[in-house]
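After this come two complexes, each holding chain A, first together with chain B and then together with chain C.
Right after this comes the complex of A and B.
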């Protein structure tokens, strides 16, 4: 595949799944019109969900899911040894995702509730970066395939990728979405990282912050707005903790 | 008889989630034949506790990246049952349309990209891009159509954003284009049927109890009575009588049983229990591919999925027609939370799914239970695997051949292993 007469490099990629719904991996097979081109741009050498071929010879490892068990920690560390570039793919890999909600409970009680007297092995949910060093994080629940494609293009041409600094709010304005606050709904759009093109407010659900905080978010002002609009502390806290992306904020 | 066979397959490929196959045959005797689910548990039932009703559908969609719409719909409906809310006819039609999109997307993903490589003797669909470009293109077009339906109605293909408690956020735009695309899909569906007609589907029978929703006037997808091919017939709220979940060793997924040691759910179960309600063209494809009720060959689940693809495309055309001609009925009704309990059964691509919530008077969940299709299938996969090994542990069989056959059996169920552990 040449572009303007130049043969680009075709990175060897492995895709690896940990604790999650495998929806981000599925996005790699979505946006079907460009799937053949995408598969020409990269060489998939290991992708268990869609292929029986496996290999340790990869430059890029895409890690999907959170880390919640000892065997996952061992497997992830092994992958880190082989990968030149390790990418956390999706909110579970970046922040722990919804899996992190479990950490608010006593894990023995959690186990008992689901498995009764025969508990299964589990650890507090960790993001990938809490276990190994991460070179690039692509957040989203799920990730946006168009953004993944853009990042891959940058990777191939050695051009650093810049995530938008602006919040989701900005993209709602761009697409003329009626502000869901005006519809009486809570929305993290003012403080959540944009770049997703704000599908959730446009669809009628408000933003749940799956991409984590925007650059320099004004949390104080956001909390004041939410309070003024009558939203209770409990609702706001539930929303901020949903994907684990706002964990580090005060 | 000197037959020694060994399979030690860690993390089976081309299925959603993590499961292992272990088989050991010594001197013709089966020492072990196991399907073990080793997926990490996520504890969604605990995470749901204390959540506001507006969060439940969004959270439970994350149980599954492939059938997020099915989970969301089961969740919304359980909440609506608890609050005593009736959605409008238009909202029900829109939800069913979104579900059809998901069924198409999910079945096509499985048929073309996870199952077909075995029959075409390649490790994945990637080499088919070169060797069978027309097949891959047809598969991608059909999958794209399924996803487009989900996008138009649900606002996004994976993890929908427009399906809310009380109905659907808005009347979608783009139904005209959808109708055109649905009509154009007929050729690709015919090509898919032709392709599967060339596949050498293993001959293997195992008497099985099949559980599904019971269709009354339409092939069933959302709500209704629960039925088994062994004659059990229960109301939706009696679902635990059908599932009987138990925790087992070596498995992070629970197992289920009803009248026998295990039962099956999914496309083949729906077909076996409701074939008379399929669209005539779907039935024609079934007949053409040798699928007749009651079919006890688990490998034929692949064919049943294809038959359902034909059915949902036709039914989607009917729904789009009805929606285009519909009046100004709202898509969303007001929601007032109240204390109560709600149970909902929905047929998702891999079989019947149950969500069950208890709410306090402010609309916060106090108890939740979700029973996933693959959880219901796992015991059956395990026991069927043992019988498949028994039927094939003969002279001339190699471990590699048996490994492929066992892998194909598990894949035929199209298991959603992450879901089954949730």
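Right after this comes the complex of A and C.
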């Protein structure tokens, strides 16, 4: 049905998992009330978590997880060849995510810590964009299904999607959350990208920045505030590097 | 104005009767900050004992009960190529107990913008008209400069206004509705002693404010348009919008269309927004009129203390100091106005 000059498309989508917990993929199957409509809007041709079919015939590839092995690099490059639009889904795909923490340590020591006497093949963690070109990044740990739905709608209508420019603080205020800084906790809310509806501070825990930096964040002032409130340099650095989203910042 | 005297016991009964048939919003303690100071919010209450009328201030203003942070303006359904639009206004009665003078003055300012002749908002008006307001006098809050901007006293915009005379309340009645509802409990006419005690309390409160020089501020701001003061403070700004969210008078908003996943329904959703956000003045084609923090911070102050004065003969700011308290970077109107005043003297 064409309306207002827009002919809705039903893109063929493949969902592929790499190094991650598969929680973002699970989100795609979540929000049951709109799952039928969601699956009506796209044609899933490859999605191990919900379907046994497999195909190379897709226009959109959703990539979940970070890249930590040689075979993952080869597989990802192969997917890039097929996909018209390659989407990094979730914080691991966008920034490397929690997996990236290991990059700060000796790789063999990390391997031994986790696997003991049976080490596994592993590389320093890379985000998807460090291996292939990425057309769209949807951050979050996990991604917000409602936001994924809106992005899918925009793809179908061929209208660019705008991520919120504002940081998490704004959404805390909009839900009457008492500032966790006031309660003596560290929080990345002032510099982290909003759009998540700030569930962590509402639950009593500061923001860990899973969606990466907000538009034009004032990192310098943020570091000053954290320091003035008595947080140690190491603690602040650890928080900033937790999801890898602030890695590129000066 | 009509005045009555209400015993403390009768006041409790009055609130309990109100609770029986109306949603009641009142200051409630929600915790303590790191220095042990109690934190309060205006929240729905179910019992009189949940209310803490001795609160100093609240983290958030009561704005959200008149201008919700998010509000569905209309819903459209799309069937057989025909749109059907539904609009719902909030009409359920609600009472807000314990608003301070600054917050009632804030409502009067919002009335000028949102319930005036030019662009009346039916969404705002329905909430405003159906909200019963009981205000209360209080000693100045820390940092508050309501007196400097003429918002420490209030003569209308409420139904009832209380002044605590220790064993009783001195009640100002400002509406027929307020008069009628007060009939539910026993009151008496004020005596000369009541009047005297009331005026004493008012004088005591008025004498406690710290002065803030706001004389000729609109013109001073024009002269200081290129002042270094703006950059000094804007360098600290996190562009987080917290100031606008806790402000009782900031009313700017954005609107977005939310289409259901099956494309059969669409909602027009209004969200309060902040002029401190990078994309606040972004227009079609990508041009941004205020791409830097300095301009954004400056224009917030210009709207509050200059632009609004030009339009309505009074500042938009009511001096509640919530923006100063909420700002993690310590940006606050007292210091900014102070800097502007002293810069020229130097």
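Miscellaneous remarks
What we mean here is this: the second predicted complex is superposed on the first by the 240 of 250 C-alpha atoms of A that agree within 3 Å, B and C clash if a C-alpha of one lies under 4 Å from a C-alpha of the other, contacts with A are read in each partner's own complex, and residues count from 1 in each chain.
Going forward, contacts are C-beta pairs under 8 Å (C-beta built on N, C-alpha and C of every residue); 3 or more make two chains touch, one makes a residue touch a chain.
As the structure is a prediction and not an experimental result, all values here were calculated from the model.
In this overlay on chain A, chain B fits alongside chain C without clashing. In the superposed model, A:32 lies in contact with chain B only, and not with chain C.
When the shared chain is aligned, chain B comes close enough to touch A:202, but chain C does not.
When the two structures are aligned on the shared chain, A:8 is found in touch with chain C, with no touch to chain B. With both structures placed on the common chain, the touch criterion links A:170 to chain C but leaves chain B unconnected.
For chain A, the partner touching the most residues, choosing from chain B and chain C, is B.
When the two complexes are overlaid on their common chain A, residue A:215 makes contact with chain C while staying clear of chain B. Once chain A of one complex is fitted onto chain A of the other, the partner contacts of A:23 are limited to chain B, with no touch recorded for chain C.
Shared-chain residue A:153: touches chain C; no touch with chain B.
After superposing the two complexes on chain A, the angle subtended at the C-alpha centre of chain A by the centres of chain B and chain C comes to 110 degrees, rounded to the nearest 10. Taking every C-alpha atom of chain B against every C-alpha atom of chain C, the smallest gap after superposition is 11 Å. By the touch criterion given at the top, residues 17-27, 29-30, 32-33, 35-36, 39, 44, 47-54, 68-69, 72, 97-99, 101-102, 105, 110-111, 113-116, 118, 120, 122, 141-142, 199-200, 202-205, 208, 234-235, 238, 242 of chain A touch chain B in their complex. Interface residues of chain A facing chain C in the complex, by the touch rule stated above, are 3, 8, 34, 37-38, 40-41, 149-150, 153, 162, 165-167, 169-170, 173-176, 178-179, 181-184, 189-191, 214-218, 221-222, 225. Chain contact summary for the complex, chain B toward chain A: residues 11, 13-18, 40-43, 45-47, 51-52, 55, 58-59, 62-66, 68, 109, 113-114, 117, 123-126, 129, 136, 140-141, 143-144, 147, 154-162, 164, 169-170, 247, 249, 252, 418-419.
Chain C meets chain A in the complex at residues 30-31, 33-34, 39, 41, 43, 59-60, 64, 69-70, 81, 235-242, 245-246, 258-263, 271-272, 274, 277-279, 293, 326, 328-329.
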